[in-house]
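In structure tokens below, several structures.
Below, subunit A partners subunit B and then partners subunit C, in two separate complexes.
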Partner chain A sequence: MQAVDGVDIELQSGEIHALVGENGAGKSTLAAIAYGAVKADEGSVVAGGVVGLVHQHFKLIERLRVWENVLLNREPRRGWVIDVAAARERVNRLAATYGLAVDPDAVVETLPVGIKQRVELLRELDREPTVLLLDEPTAALAPSEIASFFTTIGALAARGTAILVVTHKLAEVIAYSQRVTVMRAGRVVARHVTSETSADAIAREMVGGEVPALAARGSTATAPLLEVRGLSARSATSTLEDATFEVRAGEIVGIAGIEGNGQTALADALAGVVPFTGELRFEGDALRPDDSPASRLRRGIRVIPQDRRHEALVLGWNVRDNVVLGRQRTLARSQYAEAAREVIERFDVRPPDPEATVGALSGGNQQKIVVGRTLAAHAKLVVAYQPTRGIDIGAAVLVQSRLIEARNAGVGVLLISFELDEIFACADRVLVIANGRFAGSFDRATIDRGRIGALMAGNV
Partner chain B sequence: MSALLRGRAFRDVAVVIVVVFGFGSIAMLLAHVSPLDGFGALFDGAFGTRSELAETLVQTTSLLFPALGVAIAARAGLFNIGADGQLILGGFAAGWIGAQFPLPGYLAIPMVLLAGTFAGGAWGAIAGFLRARFGANEVIATLMLNYVAVLLATYLVNGPLQQGGAGASETAGLPKAAQLPDLIADSRLTWAFVIALVVAFVLRWVLQRTVFGYELRAAGDAPEAAKRAGIDLGRTAFVAMTLSGALAGLGGATIVSGVLHRFNTGLSPGYGFIAIAVALVGNLDPLWIVVASFAFGVLQSGGVAMQAEALVPRDVVTLVTGLAIIALAGRRVVASLRST
Partner chain C sequence: MNATLAAVLALLGLTLVKATPLIYAALGGVVSERSGVINIGLEGILVAGAFTSVVVSGATGNPILGALAGVVAGMALAAVLAFAATRLGVDQIVAGAGLNIAALAAAAFGLVLVYHQPGASHEVPALGNTGERVLIVLAFVAAAALQFVLTRTPWGLRVRACGEDPSAAEAAGINALQTRFWAVVIGGAIASLGGVYLSLAELDLYSDGMTAGRGFIALAAIIFGRWTPLGATGAALFFGFFAALQYSLQRAGVPSELMQALPYLAALVALAGFAGRVRAPASDGVPYVRP
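Let's look at the complex of A and B:
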């Protein structure tokens, strides 16, 4: 498959250059080619010196210490043994030079994500790169951390390093980059000096047309649907403590927070796949910690899981059989075809073929199937966990619009998202989650971006 | 896991044919036998006469039941290595009850077959229960239960439930009423063959057309998604293993009722293990498994003739069978590595 085609990008030393495009536009592939991890079929990458790459998903060895990760394969040696004192000293010196404070002896798995990213950055900086590629560097950072991250990067650029930031967050592009290159479907479609363009203009270039508008929201209903009191739960990598909130029928409650702060435990407890303590009431009835996922579905609670490929879909099956999943006990076999047609039409699934294998569809179309079947099941409460992760803008707006329409029709929606913009666009109320605890609550009218950002970072 | 075990039936059959004839020929050449003579003897032994064809179908039947059992477990994502033990216990229950309680024909045969089905099912259910309740690995459990099954049957038939002579390791003979009627006169081929075909078709229908089959396949293909769709993975594992054992047990009962007319601790030359290969070659699809059972039936019955007439050791059959499985498994492992 051809991910990028005839792309020219020129980085100048000392600049922060943003590379933007929708998922699947070829940004990450381009970065990987430049780094040398993927081979180009044609063309070449010319760099005056060392190229460094910081991945979107950290490639750190969790069980090892910071210095072991930073100096991996470049450890200072004394004969056959590693010179630990020299290694520690080198990491300290590096950290001081770039203002990236870390404890060289900390074990990586014990560190918060922001610090892990520093470690990842230090590892590349130790190689003294003349070109530094950053793939979605702010995905796991709180808003306040983002600003200080770009301060560091700016200082690095000022020393003469050329920096390429691959991102889909246009606000950051406008705020921090000097030049921007826009990609669509593997090709460069626009180049700008950042100060001469705008986020809206870039968005139109990414999409290749007007960005579709979100569905209008109707009036808010007030009947209580889900009441949560003192909820604590634990899933494999996520802990939630003492959460208290409620979701009313006909409203979207947004859970704002950085990945890994208890959202998974919350979604799993509501789905009935992990036990919980505390009190959960749905339409007045108590939900029990040992209820099966099936009993939640019967009550009308449906969760759109975060990981569609593993938690939601059977990739080897066709669209029709996947649309049925979760309703296999309620739909008759004769209704399968109609159920598939309904989701394909309402969600514009492409190709519109109920026999198509789901694993071969794009992420956006896979997600449309998951969201479509969830809403088609006449759920009373929909828990949407990162419902637009990794899908293009058109599909994302469609998914968000359908959630808003469901809300208008009286469905309660709990929207868990790591994208603040998504929450601000959709939610009637916003709850902030940090370190597994609820840290604040805002109505749509009183949303305070700065305050929410501070709470997400754990600053009370 | 079942995704790993399933490939494309048509290509897999091609691979098996190439491996069987290619490596089979090499092995024969190494044994200083012309492959033409060797394979000639094999096919002659499998199809040459009406009674030889009947014997091939007897082997087909004995492989088909446990292979269907292995397949239904695998479709639920479970590897049942214990079909041989389930088959042996099913055979024992059929033989003992059939000899112990003489009933008229229209009752005796169903009773014998049901006894085998229940015994095999109970044996499969143990592994299913351990998996569902404690998350115990079913591969280890079923593998170990094979030994327990053989020793248990040996103990029962020589000890507390002894019917034949002391130390004979077999039950008393079944009364005529409890013996499956012949399909071809003067052969060992009985109505068991027809029952096996019917079971295969029913199983395919259950897997493809019923909610139970849908949930079982979902549990096998995407357990995490299945769980969140309200499918009880523990219950599915228990039912699938029970059904798997029941099919193997029914197979044992048909061998006792149709072929041997009594239980003998040596009734299985490893049918339950060859069945794993049959199920894989048959792509875990009941209808392809019928075809695969026939192919392996040919190798089983033809191998004997090949040894006698062309002086090719029967082990060549075992060798090429093993190589065919390695080739299939290798292809799928490579495919799954590429897809991730």
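Let's look at the complex of A and C:
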């Protein structure tokens, strides 16, 4: 299969050009070809000068200093020794030119994500690119940081650089780009001057039809389900401090925040896989730190982990065995096929074959199996961690709809997502998390986008 | 000069003697591991350096030629590991362990081939007291130089980049596989001097088992020294001190079997107390395969 097939795209100097498409549409591949990291089978890339690429997942070396990262393999030298003073000076000058203030001697791993991205950008800018490719550049930024990021990019464009932004965030496309190219299944399906189109129109072109509607929210009678008081926990990548909140049966509580602000610690503590302090009560009974994850499962606490490939599925197994996994003791062997068929039908798993190896399915279909398995087994509380990460719009809407239907049926859902749009679409209440602490709480009726964005960035 | 002072000075002198081969081996390991290749084969490289230098010194009558041949042998053995680690993408622990076994066995076999006797070689022309002092001083000079090279030169930065994140290094235009290869080979050259010191400076012959696990103590020194040349040198001195202490205490009548275990116990205790608090280079021991 070809990721990109016969694509023509032309960037003009001084413009911000958006390239949009669903996951798997070929946009990242196209960017990699333009940069030279991937060879095209056919066709050519012509650029008048240096091409720079800022990766979605930063290509920074965490334990090296900022200047070492920015100038790696281009170090200023005096004889055969690095001229560190000149290196510092060069980074400072670059930072001042583009308004990207950063301490050249800081070790990258100590910097917050937004600053890391500046470092990533500075590294590309040092090469004085005439074409700059940005792959999902705002994925790790708070809403307030996104505006200033595009201000910087705009200034860069004004100096004559051609900029290609690969993204799936249509609001940013509309707000900041001059032109937009839409890809689907490896081909360009539409080109627009941004001011002459709309986010809805682009979304339809991305999907290749109408965007499916989300399930309706029923009114539910809510009762206390999970009570959390003063919860502190630490996982490999994040720390949670003193969290107090509750999730009621029949509601979706959204946790809004930027990745790495304590969400993993929260999910892991609820799943029972990391130690915690504080008080957890589920249906009135205390959950202790030394309770096994299995005992949580028996009580009806289910987790949709963030990494489906490593934490949820056995990729070498087939669909049926993965659906049954975790329920092998409560289901009779004769019920396995029926359980698999149920999930396949309700979640429209393609191909609809219980014998298909899960590792060979698309990310969207893998996720349907994880969510289907989670909701099928008499769940009372579902902790859904980025349940639609990296899957296409159709599958995402289906997953979100099933979560809403579970809520309508009285399940409590804790939805942890880095996508604000997902939280606003699904949640009854929104809690904002920043720097490991809960920073604010909003009801569906009182949601204030600007305020939530500010709280996510750590501005109280 | 009173007797106590003399004993202390003797202990310190012996510490330098015992630490020097550890310093070379640890420095060689540091260069290798900072580039991302774990060198379990340090023991084998010590053997290669010790054995080859004795054979060549005996054959030519020139101990300096012997020392150079020992270094070449260490580099060759390291090159095998480097090739396996960078081009074949094999498990570096397994490759290094294999190297140790092969080197020890080859040296034992070589003794029979060259000297027609198992166990030990004949006595050969050695480097003498002057040569020993030069090698001791050179170990500390090498440590300081390596510290400078790793932190202050473009090559050093590249080596560290490859040890932390080879794919990011390649994105910056660095050939990570080549950088790792040469770091391991240069590390092999440095480590082999430890073997040369054992056979041609401290003694004048090669005997089976004379490296006595120093390559593994050097691995502990690397960790204890936080993967820096100066730190590893300090750790090697620490272990060398306990190796020297064993001789002083033996004279004091403590059972020798117990005392011989002292440097190894020191390594064990140091690592147990320390290992959780230090971090290896992020990609240390992780084969890099180009996408």
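FYI, the second predicted complex is superposed on the first by the 458 of 460 C-alpha atoms of A that agree within 3 Å, B and C clash if a C-alpha of one lies under 4 Å from a C-alpha of the other, contacts with A are read in each partner's own complex, and residues count from 1 in each chain.
Here, a residue touches a chain if its C-beta (ideal position, glycine included) is under 8 Å from a C-beta of that chain, and two chains touch if they have at least 3 such contacts.
Here the structure is a predicted model, which means the values were calculated and not measured.
Novice: Clash or fit: what happens to subunit B and subunit C when subunit A is overlaid?
Specialist: fit
Novice: Under the stated touch criterion, which partner chain does A:Ile452 make contact with: subunit B (first), subunit C (second), both, or neither?
Specialist: Touch status of A:Ile452: no partner.
Novice: Just checking: does A:Arg329 make contact with subunit B only, subunit C only, both, or neither of them? Give me first, second, both or neither.
Specialist: In the superposed model, A:Arg329 contacts subunit B only, not subunit C.
Novice: In the superposed model, which partner reaches more residues of subunit A, subunit B or subunit C?
Specialist: B
Novice: So, does A:Pro293 touch the first partner subunit B, the second partner subunit C, both, or neither?
Specialist: first
Novice: Between subunit B (first) and subunit C (second), which, if any, makes contact with A:Ala395: first, second, both or neither?
Specialist: Neither partner.
Novice: Between the C-alpha centres of subunit B and subunit C, what angle is found at the C-alpha centre of subunit A, to the nearest 10 degrees?
Specialist: Angle at the centre of subunit A: 50 degrees.
Novice: Please work out whether A:Val319 is in contact with subunit B alone, subunit C alone, both, or neither, and reply first, second, both or neither.
Specialist: So A:Val319 meets neither subunit B nor subunit C here.
Novice: Where does A:Glu311 make contact in the superposed view: on subunit B (first), on subunit C (second), on both, or on neither?
Specialist: first
Novice: Looking at subunit B versus subunit C in the superposed three-chain picture, what is their shortest Cα distance in Å?
Specialist: Superposition on chain A places subunit B and subunit C at a least C-alpha distance of 7 Å.
Novice: Any idea which subunit B residues touch subunit A in the complex?
Specialist: Residue list for subunit B touching subunit A: 3, 209, 211, 214-215, 217-218, 221-222, 224-232.
Novice: Considering the complex alone, what residue numbers of subunit C touch subunit A?
Specialist: 152-154, 157-158, 160-161, 164-165, 167-169, 171-174, 281-282
Novice: Using the touch definition up top, name the residues of subunit A that touch subunit B in the complex.
Specialist: 271, 273, 292-294, 296-298, 303, 305, 310-317, 321, 324-326, 328-329, 333
Novice: Over in the complex, which subunit A residues touch subunit C? Could you list them?
Specialist: 37, 55, 59-64, 68, 72-75, 77, 80-82, 84, 123
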